[in-house]
Amino acid sequence: MTIDPPIDFPREIGSVIDGLREARLDWRAGHARHAEHGIRFPSRNALKRILRELSAALFPLRLGPPELTATSENGWVDATLETTLDQLAAQIVLELDLAHPGVRERAAAERAIAITGALAGRLPALRRLLDRDVEAAYRADPAARSVDEVLLRYPSIAAVIPYRIAHELHREGAPIVARTIGEIAHQRTGIDIHPGARIGPGLFIDHGTGVVIGETAELGSNIHLHQSVTLGGALPARDGRRHPRIGDRVVVHPGAVLLGPIHVGDDSAIDANVVLRHDVPARTVVRAPAPVLEPAAVIEHGIAKGN
Amino acid sequence: MTIDPPIDFPREIGSVIDGLREARLDWRAGHARHAEHGIRFPSRNALKRILRELSAALFPLRLGPPELTATSENGWVDATLETTLDQLAAQIVLELDLAHPGVRERAAAERAIAITGALAGRLPALRRLLDRDVEAAYRADPAARSVDEVLLRYPSIAAVIPYRIAHELHREGAPIVARTIGEIAHQRTGIDIHPGARIGPGLFIDHGTGVVIGETAELGSNIHLHQSVTLGGALPARDGRRHPRIGDRVVVHPGAVLLGPIHVGDDSAIDANVVLRHDVPARTVVRAPAPVLEPAAVIEHGIAKGN
Amino acid sequence: MTIDPPIDFPREIGSVIDGLREARLDWRAGHARHAEHGIRFPSRNALKRILRELSAALFPLRLGPPELTATSENGWVDATLETTLDQLAAQIVLELDLAHPGVRERAAAERAIAITGALAGRLPALRRLLDRDVEAAYRADPAARSVDEVLLRYPSIAAVIPYRIAHELHREGAPIVARTIGEIAHQRTGIDIHPGARIGPGLFIDHGTGVVIGETAELGSNIHLHQSVTLGGALPARDGRRHPRIGDRVVVHPGAVLLGPIHVGDDSAIDANVVLRHDVPARTVVRAPAPVLEPAAVIEHGIAKGN
């Protein structure tokens, strides 16, 4: 929509420009390391494309183009990885340039290639881990109709594929690229897994919105989390961890908040909305306190509306 | 960014390709039904477009093109439905081909047309249900300025329009297309309503992020849910339900988790963060246990940071 | 996919068109103010672009184009604001036309220019507030590597930049444009801050998914919220507020629900999943009730699956 005849903004816009400049200069005066030029941060859009291509290379007949067959898929994976790993290395170069502005361009490129190569070498193992994640979701969810539905439509897998890729990059020395991949998945699914977390095979995150898994969390195999579960940090650290360590075959129900470097033993279950700050032995059920029922003469609708 | 001169990836990439192939073959050996060719799954992007068009056909003067008038809208709805229902039938054919690979193409097309026609026949009733959803939100929210603001900007409506369409498709035999529509809404709003749930008129989901309504849940009329509420599943089932049945005019406050095939009577209210696994009579208030207050000599900031 | 030969939809589609028209007429009969023509609501897509440009004008060397330098940034900010504020004023004209359909076009344009000018005048102060928000997140999060990572990748900042812009527009009389900006941020981050809320400097929302801050909430300086925290409404109002007033340096842990016009004193901490409906003095820790541990002979996996 255009306003006709046009109305000019007041001349005072000049003072806005001046005020913004002063604010920027004040910020920079207090942050010595803050460079006075634009930066090339790893690109969220480029990493979205790279993530899509890596996912397709892991599951070519499901996440790749529909015309692929068992005969043609291998060549397609080869060609896709060649292109995509090169693009990923370029993003890692951007991160290394930011972290070490003085390093020679060639040295950063070589380091980026090494990190990318390490991820590539891990891809077959990641595929096997992800197969177990798909199977875990399919087994645990009575509403799941096929493993394909899980792979193609479940938020759990849409978060765990990026996490498993990001975790390798985080370990190998590209934490900003890893974090960007993690935030892409967080925005899509509401599931926020820090790339530093260590997670065994067979993870299933039911529904997923609001789940948080912190940087030093450690999860065993066949963990089943529900929506709004927090595996959160608290100090003091223990064995270098600020976050929980969870054993095997543990179920955590919606809204439970586990805080600090506690340990939850194998085969335990944490009830919905429990707040847990202490260790739990194996084969334990941790229950939320019971609610209180009262008759209500008049229910006031909207009494506690959350907006 | 290109690295110049280019650095080749190590020759070992060949072993990555081999390792990925082996992982795929191992998976397929364990999953007999898993076809060894690409599949055409119903398309998320196509269903996004179809969902937008169906929404506009339901509310032409609000969600359709701005140049429409009360005089021109009827012809536009007719033309839009003709195109959109055809595209929807094509997506349902993809689902039927996946579920029954042996079926003749023409039989799948006829079945898809029947399912789409059943949805079409329900559209006037859906519009009336959605009008009651809009009115419920407008009445319940002191911050709402107009019914148009509710229809155009509230996450509740952005989740309930897709749900009501997906529910019809789920009932008629297109559960994967229905689930894809549900996940489109889940990704946009953080509200995850399984298309199988049965929900009466006048649903309002305040803010909505983190809400989960399971496959066999049944909600009466004029239900008011808040963010992070779970109506979740637990076994054993009761009357075929794994999820709660909620009466009329019930309010559920933020974070409450209702689990299993329980029954909540009319005009009851469930307090925030309550965990409920038992039936509740009509006109009951279910309260969360009271918290404990302690003086704090020193507040440790960040003590329980969730990352 | 096309079905060949085409299958026509049953002729009964005509009755669907008729049924939809009747539903629309019934709705309009019950809503006298509902105009019988299309409306031009402020555009979500246009406001997404405007929000991106305003954010870049606030942080030109980080959110603007990478080729900018400290020498060139000022001219770029000037040119960007000139274009973007004009586009914003056009969106505000749409809102004013909806609210007051009888007003002369020129009067609406002048009012829109005044609102936009008021926002422009506040931009330097917003930049200084946002610098404190960035610093607060950087200080509070052990996982944060740089202020740039916080600014460019943290959901907290991705929600707080839009909130601080929307708050000015809400105050100045463009609540629908403000709410649309708020919903853009809500969809991206899962953080739902009503533009009417009043929030001091140094806000950090950790992870953020599921956070709700209501219309009349008031937050002091250096507040640290975690995911799934609700600052929600309840009646009766107090001093015109339906939502909590929070002092300075308060930490609220994941899942806590604070309801109604209560007051939480400075330097207090609210534990995870607490439900709070009463005032809390300064320097207080509010703890959730302790959970109950029980040995489990058999853990039933999936017993409380939330779907």
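Letters A, B and C mark the chains in the order given here, with residues in each chain numbered from 1 onward.
Just so we're on the same page, a contact is a pair of C-beta atoms (placed from the backbone, for glycine too) under 8 Å apart; a residue touches a chain by one contact, two chains touch by 3 or more.
On a predicted model such as this, the values are computed, not experimentally measured, just so you know.
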Query = Chain adjacency by touch: line, ring, star, complete or other shape?
reply = complete
Ask   = If you fit chain A onto chain C using only Cα atoms, how far does it have to rotate, to the nearest 5°?
value = 120
Remark   = For the copies chain B and chain C, the interface residues, called same if over half of the numbers are used by both and different if under half, are different
Ask   = Counting in whole Å, what is the centre-to-centre distance of chain B and chain C, each centre being its mean C-alpha position?
value = 22
Note = Check: chain B positions touching at least 2 other chains come out as 40, 142-143, 190, 192, 194, 207, 209-210, 212, 214-215, 226-228, 230, 232-233, 242, 253-255, 257, 259, 271-273, 288-289, 300, 302-307
Note = Residue positions on chain C within touch of chain B in the complex are 1-3, 7, 9-10, 12-13, 15-17, 19-24, 26-27, 31, 34, 36-41, 98, 140-143, 175-176, 179-180, 183, 186-187, 190, 192, 194, 196, 206-207, 209-210, 212, 214-215, 224, 226-228, 230, 232-233, 242, 249, 251, 253-255, 257, 259, 267-269, 271-276, 280, 283-289, 300, 302-307
Ask   = If you look only at chain B, which of its residues touch chain C in the complex?
value = 40, 57-58, 60-62, 64-70, 73-74, 77-78, 81-82, 85-86, 89-91, 93-94, 109-110, 112-113, 116-117, 120-121, 123-125, 127-128, 131, 142-143, 145, 147-149, 152-153, 155, 188-190, 192, 194, 207, 209-210, 212, 214-215, 226-228, 230, 232-235, 242, 253-255, 257, 259-260, 271-273, 288-297, 299-307
